[in-house]
Amino acid sequence: MNAGKSTALIQVAHNYEENARHVALYTAGIDDRFGAGVVTSRIGPQRPAKTFDGALDFFAEIASLRGVSCVLIDEAQFLHAEQVRQLHRAAHLLDIPVICYGIRTDFAGEPFPGSTYLLALADSLEELKNICSCGRKATMNPRFDERGERITSGAQVAIEGAVEYRPMCARCFYAGLVHVNTGGAG
Amino acid sequence: MNAGKSTALIQVAHNYEENARHVALYTAGIDDRFGAGVVTSRIGPQRPAKTFDGALDFFAEIASLRGVSCVLIDEAQFLHAEQVRQLHRAAHLLDIPVICYGIRTDFAGEPFPGSTYLLALADSLEELKNICSCGRKATMNPRFDERGERITSGAQVAIEGAVEYRPMCARCFYAGLVHVNTGGAG
Amino acid sequence: MNAGKSTALIQVAHNYEENARHVALYTAGIDDRFGAGVVTSRIGPQRPAKTFDGALDFFAEIASLRGVSCVLIDEAQFLHAEQVRQLHRAAHLLDIPVICYGIRTDFAGEPFPGSTYLLALADSLEELKNICSCGRKATMNPRFDERGERITSGAQVAIEGAVEYRPMCARCFYAGLVHVNTGGAG
Amino acid sequence: MNAGKSTALIQVAHNYEENARHVALYTAGIDDRFGAGVVTSRIGPQRPAKTFDGALDFFAEIASLRGVSCVLIDEAQFLHAEQVRQLHRAAHLLDIPVICYGIRTDFAGEPFPGSTYLLALADSLEELKNICSCGRKATMNPRFDERGERITSGAQVAIEGAVEYRPMCARCFYAGLVHVNTGGAG
């Protein structure tokens, strides 16, 4: 969960502001690692952001914004399906760009509901690359406990702190799961 | 549903065969518009293909192939979630490229289960572009009846014939749905 | 030179025409393998096309078109630098999409002038993939004679017939050139 | 010249180092805005880097590196053509990833020699997006003087300080040049 999503978000916000334009930033209320309502890049920069939970109607929210040229959303895997629909309708009916940053799958390799709808509806998809410890491109997000042991069961959402996520390629991800039932893995 | 997926699949098969390599082709048994087990490009070319249904274990299937350099799957939105997992594991543990062609969402703008897992797990995602009748990029696949009337309810799967699908941009897709409840559209 | 550029061009033309729109097709006059003024896909389909040479002013040409929704250009590596500039200005000042298909480098790994300007100015770049005989992604276009011997000197332009081009990855391209001076290869 | 290239480079370096791997950073000696040998992101972070000039043989340089998993090059438009060839050969024959960050065209819309070879040879091309003051995607880099007047003649290289570069879309770029001869613009 370290590929540079928050860095990219903060850079895009900067690009707009260099052009004297305003942006609106949102992040999941669920994640308060760095304090609620902060987008934090691991290479340093931070930005305050509004938080969202599942109750926020993003279409109404965006329709109420004034003078905003772009909506930027971090931790977008935590969006609910209907919120992605709201964002999609807002982008196309209110004519405002919406850029969402998130991960595709959870620690067990299962899609997040928010990511499912983002990947299904987005007008363009862009990958931020990370690497596995073996050197290959990482696409998976396995969970580890404090002793470095891989955790293969539990809730989909467990914010870093007690647990740790590491970028991993699919080969290492499955090779470490030979005797483990990960649901869809058959 | 006309962006050129089958054309692209047939071209990739040709590229491999020009290099004296073999490919294995699969398409959904559900779709027999052009005869069961045929991948058909709308610009002309056709190729025979094995058909799959939900009972096929793709990991075992691919492990049993001999001398095949690439697996190509058309109508991949009809894959079951666990079949996408099998394909993902085969690609990475058996070290054989698997290329899947499909659409992201159904006539109501809802993700197909197969597409959900493909978009979540694929190592790379590539868009085949089509255009809306308004000239914008088409990303949606609304359904129309024989008289050209838009159909906004019904089963997710209805193969062309009695109905027709047209590529449409999101703006036209939602604008034509103002008074319609499409589930997640709120 | 076989990745499917002409196939992709013919598919895009088909997509526009399915939407009751017209396209204008151009190909290099220099290439008459399949007859002057024909775009030919190796998987079968063909389309007639106007031919261009270095004397054609593409801005004036496109400004004179009536009722055309998209301009499609095959063998675009043979465009002159100023013609790419004309196409770029036409796309942005006349507001008509221009899609060019070509290869990046010649048999010696040197850029074509047309490709240099296309890669420098294009609003979006998309790769059509091919494979090397070793199985890696091909990005180079080495030339071979009728006996299958690699040719490492000669003119940049030598249309297939007497010679043959094969898709090759960079590793095989350079490994086969150890004792050969290919200019910039130092 | 502000799309986030240096930010992206610093993030990739961080990703490798989080995996306990080492990277080698280079930037053009020509650019000492922020001090020679510093890669500086406009959103804050900085990293020291070796500087290169046209005399550096990158193949020999990379062959001499020990324990480096990735080579990162900023201001790559200033590479000489033969240096890009050296980097390309190093990536494929020494099997080390090389990632170069640069701009495609100069203030007059003409390609940089380094960029020409990078765009021609790179195994993959990725765009870092910026916006024009009109809101469209910026792809051009026009030059302005201290009073904000556009400069349409001069040397290809003029490091910021006395002059300023602004991201601009092609439409605004050409619209502001109606009466100006920019060489290839005809």
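For reference, chains read A, B, C and D in written order, and residue numbers begin at 1 within each chain.
We adopt the following convention: a contact is a pair of C-beta atoms (placed from the backbone, for glycine too) under 8 Å apart; a residue touches a chain by one contact, two chains touch by 3 or more.
Note that the structure is predicted; figures quoted are calculated from it, not measured.
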Farthest chain (mean CA position) relative to chain A: C
Euclidean distance of C-alpha centroids - chain A vs chain D, Å: 28
Chain B-chain D separation of Cα centroids, rounded to whole Å: 38
Residue numbers of chain A (touch at least two other chains): none
Topology of the chain contact graph, where touching chains are joined (line, ring, star, complete, other): ring
Chain D-facing residues of chain C, complex: 57, 59, 81-82, 84-86, 88-89, 91-93, 104-105, 109-111, 115-117, 119-121, 123-125, 127, 137, 139, 169-171, 174-175, 184-186
Chain D-facing residues of chain A, complex: 2-4, 7-8, 10-12, 14-16, 18-21, 41-45, 69, 129-133, 135, 167
